[in-house]
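In what follows, structures are represented as structure tokens.
Okay, so chain A shows up in both of these, paired with chain B first and chain C after.
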Partner chain A sequence: MTQPLLTVENLNVGFATKSGVVQAATDINFEIFPGEVLAVVGESGSGKSVTALALMRLHPDNTIVTGNVNFDGHDLLNMSDRDMRAIRGSDVAMIFQDPMTAMNPVFSVGNQIVETIRVHDSSVSKQEAWTKAIDLLKLVGVPEPKQRASQYPHEYSGGMRQRAMIAMAIANDPKLLIADEPTTALDVTVQAQVMEVLHEVQAETGSAMMLITHDLGLVAGSADRVQVMYASRLMETGSIDQIFYESQNPYTRALLESIPDIDGLKEELSPIPGNPPSLLNPLAGCAFRPRCKFAKDVCAIEVPPRIPVGVNHTSRCVLVHELPAPAGASAGDAS
Partner chain B sequence: MADTDIRPNSDSEPTSTPHKVAVADAEGLSERPKTFGQLARERFFGHKLALIGGIGLLLLVVLFLVGPLFSEWEFDQRNVRDRKQGPSAEHWFGTDEIGRDLFVRTARGGWYSMQIGVIAAFVATTVGTVLGALAGYFGKLWDIVVTNLVNLILTVPAIIVLSVFANKYGAGKWGLALVLAGLLWTRIARVVRGVILSIKEQEYIMAAKAAGASHSRILFRHLLPNVMGAIAVEITLLVGSVIVLESTLSFLGLGVKPPNASLGTLVRDAKGDIDSDPLRVLTPGIFIVLIVLCVNFLGDGLRDALDPRATGADSKETQQAKKAAKKARKQMGKGDMTVGQLQDANLSQNERSES
Partner chain C sequence: MSATDQTVESGALDGVGAREPILKIRDLVKEFPIRAGVFRRQVGAVQAVSGVSLDLFQHETLGVVGESGCGKSTLGRSLLRLVEPTSGTVMFGTEDVTLASKGRLRELRRDLQMVFQDPYASLNPRLPIRDIVGEPMVIHGVPKKEARQRVGDLLERVGLLAEHGNRYPHEFSGGQRQRIGIARSLALRPKVIVLDEPVSALDVSIQAQVLNLLDEIQDEYDLSFIFIAHDLSVVRHTSDRVAVMYLGRIAEVADKNSLYENPAHPYTQSLLSAVPVADPRRERSRSRIILQGDVPSPAHPPSGCRFHPRCPVAQDKCKTDTPELVEFAPGHQVSCHFPLEVGETLLVRVKELGREAQVSTKN
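Moving on, here comes the complex of A and B:
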């Protein structure tokens, strides 16, 4: 394969709090190749967003970030603030979770897109940028883009705002789009539309995408590769088929089983019992152990390493070779 | 403007036009969307109190500047024969104890007070906004320095400090204005710091950072516009305070020096005769109240006008849409209207009241 666009090595993100360091992302290693969609899946608090923010260096001041992040030849974690700003919004763009709060209420939507364009290239005239903003709004499927551009965020509906956010993110043809739960704040019918738009846009611009979500259904339809996060660690990484049909990790399987079945064949939902562990005092051994139905004594000994279980497929589970064969297909149907 | 295009013309075409209006409104799209300036102007002129304040201020300025031209007296012209007179055709507001015409002196004093008010408010706002914004946005050392400076100035007894400084520098317009500004910027700084502290954690500021915006850009392009509404109110309150403070200082004999006049000195000069001639105290007092009141009304209107989410005054279109909806309901009662048209009319009304 070609050179990866983004290489993350041994990334650790911790928050210094009064009661100690909260380890929000531990030992994160992954790559994103040009044009590929990588989904990062996990429960709330598993470290997905923190990882993304750390990549963009947008984390809060009390954060301790270590590791190596290489993006297209740039060392993101050690470059100057000025250089980092040049990359943000032009080479790496971000789509935020809540379109209600991610736009400045006192500027028209068009104005905000113009702003994004001109931050990085002040040689573009306001007029040109405005025309481009209208084209972008059109591209993401905002009806009547000419009129809509001069409206304010509060005059947009939720789905429309998220489209505008996408327009803003792709304004400078980024090589990598980081979409942090882009559809979580939207209702289901609108989710599908927005994902559609993201897809078209991504195909149009050829940019890679890091799709952060807790919605496995969303992943099934849109990702090339998936990594599952739990309690700050990557639990399983693999292609979409490997994750959905040949999962070698109890946590991933539990996640898949907890998806509601659209055919109604399952009578009850099967949630994962218990709560995600505290990141302040991590458990010895596997973090999923208390909730895992396969758990054995060996699980408590050490944090499982990432064990290769297939081509580009790794799983963090010591029992990986003792697990029953994956049930597979049912989850695939659900999506 | 766009409003002529979609104005319901219900007299000539009672059935088709309201329908068209409703559709346009339901989509939230008028023919040509308005710029922020247009919207702000519209909201401002729809705000009755603000209009009254603005017009009142204009009238006062005209009175203060043009009025004396119609009087035959100069502000420092003594007329020993006509001392302590009440209002008359010759001396409209009467005369003071050394026979100077009070109308001319009130006009001069009023204009003087207004100028000081505006200059001091402008300087205080500029200083206060910049320092408050730096403290709120960057925090840390900036915040410590600015907050403590503000607290220090707030704990200082204003009148005493003012007396010292006003005695030294306060004779002139600029001196007095700057001394007042030096004391009053703290109010603006506190407000701006507070607002910025609360909005800098908003996701759109994070989004701006993610789009590669620098600190100065975030501060001036993203944060300050959000503070404008709060500042607008604070400025006008400030103008009021400055005028009152200046009057106080002048009353204490520290501000404006004779034979010059300000509203404060006029009250002071007349205070001895308050029993025999209350009008001489009341007239400048009333002007102080009028100026402060008008400025505050204006500030209210500005705040609403500068807030893009303000619902405040209904625009012309909204008023017309509401009228159209009302009319439609009446016609429905008479059976002249189809259900669809009624729904459209209702829809447009609901949309408006929600937003």
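Moving on, here comes the complex of A and C:
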């Protein structure tokens, strides 16, 4: 078996606030293998972006991070800032949701790519880096890359900016790309273009990708494995088919049942009752318990452990052995 | 129904039969001037809505979909004259909303209400919920005591508690705020509600709650909805008929099953194929047509058919002649010179024309 590229063990991320510590990511354990796409799904506030920021050590100052993060033999949480800077942007690169705020408005797009290249390898001349920047823009499908390289971010459209950010992220052939809601700000037709670019780039460079999104459709079309987060914890982890068709977690199932279907296969929507939990006053036991239709008294006793339910498939639910058979196995055959 | 309900009708619907449209939009245009220079002279115009004609029938939900900047929100706002339309008519029953005086418009808005996208920006943070929901009734002269009683009923109807009336907007989650916005829109027992992206700011688990609530109140209050959204799955779920907009114009309008199963406009077909489906098996079996380029700026819309620069099957005529919205099949209108026949896919048409399109497949 191949060695994982990234191993995260017992990661906890908390924010110190006036009203106490808000636990934004709790007891996070996962691996990413070379070349695979791992999707992290969850609703707002579930902790998916915080996890990614903590891995990259991009979290704000009031954050308390504990645990172990091993990336390709490097201990990311305990290395010096200088060493971390060498890895960030070269071996691990990030693509953010909003390219307008992630790019510097006073430098041309080409110059920003040149900077990314030369920060990590000062032996590359400016001229060489500029040529490479143009090649990268061409690779991500920016038309007329020569002229576009000397333009500024505001002269790009939303979809083009996102392509430029992808070009910047892959400039140093990263082994891992972390894409945090890369297409959420884009229209569907442009989203399709950008996802296509991401897949092509990934196929070409062989890098692994951690895709953070709330869009289960995007997950279904892109991921190899999925982890579902709720109230700061990983609720279920499995292969894409395990999650969509053989889910052993009531939250995952409820989430899938609550979204409308474009082919009109759902007569009725089954919403998840209640409201998302507050992270400030976490509930004893399972955080999903008040909204869960299967909940029993045992759910209140302790936070459910991650229970293995299949090959590389775990679920945080004490009732896994009592849940009805997943309904998705047949419903998915609609094609 | 109490006696006061009678007084809150605008009377514009008197004599309108049940099968006739409750709202008739004809050639509606909204242009925003672009000004420049010292004297702020007008140098151009953003053509947000350019010649839209649509009917809304009683008790139906008309979905309006399109990408950002296609004019769908401006269309919704100009129906209530929250933005003043440049030209065109909006017939509500027997009365033209665009010609109504200020006072008359206020009366008409008892029947025409709106729910906004952003539940954080559309509620006054300084007012308790009781006043936010009750304000329309106070403005329209419902006695205080009765207004208070009705606020409590409305809050309970949308799934909140009557006691919540004393709280302020910041004490509620996004989904609850959207319920408050819905309660406010119901306060005057309207006939038509324009819903502008009512669920797009909400998490999926909450989205379904609000969609189901809208479904219930539509039956209970006998409402007609204009449902503006960019999410095609949500629109299919909620609407009876769907209009697809592109750069200020209607590309296609049909009952939802014809539109989703037999899209005739190349834009509709590529839009539908771009939507990711939350089902890995269907995703693997689909081939997706990737449209090239971005939506052009409505300040400089392309000539002829506005979709022609991105259309993989555009022909010479499309560059010069503007297509009219014409009947394609009963109840199915499309504005395309060369609409796709029933069962004809865009990909087949592309090949027939000897062209190539970027297609994404998962295998």
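Operating definition for what follows: the second predicted complex is superposed on the first by the 323 of 335 C-alpha atoms of A that agree within 3 Å, B and C clash if a C-alpha of one lies under 4 Å from a C-alpha of the other, contacts with A are read in each partner's own complex, and residues count from 1 in each chain.
Keep in mind that, in the parts below, a residue touches a chain if its C-beta (ideal position, glycine included) is under 8 Å from a C-beta of that chain, and two chains touch if they have at least 3 such contacts.
Keep in mind the model is a prediction, meaning the values are calculated, not measured.
**Q** With both complexes overlaid on chain A, does A:Ser108 touch chain B (first), chain C (second), both or neither?
**A** first
**Q** Once the structures are superposed on A, label A:Ser315 by its partner contacts, choosing first (chain B), second (chain C), both or neither.
**A** The answer is neither, since A:Ser315 touches no partner chain.
**Q** Give the label of whichever partner, chain B or chain C, reaches more residues of chain A.
**A** Of chain B and chain C, the partner in contact with more residues of chain A is C.
**Q** Which partner does A:Thr26 reach: the first (chain B), the second (chain C), both, or neither?
**A** It touches nothing on chain B or chain C.
**Q** Give one of first, second, both or neither to describe whether A:Gln227 is in contact with chain B, with chain C, with both, or with none.
**A** neither
**Q** For A:Ile87 in the superposed arrangement: first (chain B), second (chain C), both or neither?
**A** The first partner, chain B, only.
**Q** I'd like to know which partner A:Met168 touches here: chain B for first, chain C for second, both or neither.
**A** first
**Q** Which holds for A:Gln202: it touches chain B only (first), chain C only (second), both, or neither?
**A** neither
**Q** Given the touch rule stated above, what does A:Gly159 touch, chain B (first), chain C (second), both, or neither?
**A** So A:Gly159 only meets chain C here.
**Q** Could you list, by residue number, the parts of chain C that touch chain A in their complex?
**A** Checking each residue of chain C against chain A gives 67-68, 173, 175-176, 203-209, 211-212, 230, 232-234, 236-238, 256-257, 260, 270-283, 285-286, 288, 290-292, 294-295, 358, 360, 362.
**Q** Within the complex, which stretch of chain B touches chain A?
**A** 27-29, 32-36, 202-204, 206-214, 217, 221-222, 225-226, 228, 307-309, 355
**Q** For the complex, give me every residue of chain A touching chain C.
**A** Touching chain C: residues 43-44, 157-160, 187-193, 195-196, 199, 214-221, 240-241, 244-245, 254-256, 258-264, 266, 269-273, 275-276, 291, 332-335 of chain A.
**Q** Residues of chain A touching chain B in their complex?
**A** 56, 58, 82, 85-90, 93-94, 96-98, 101-108, 115-116, 119-120, 144, 147-148, 150-152, 154-155, 165, 168
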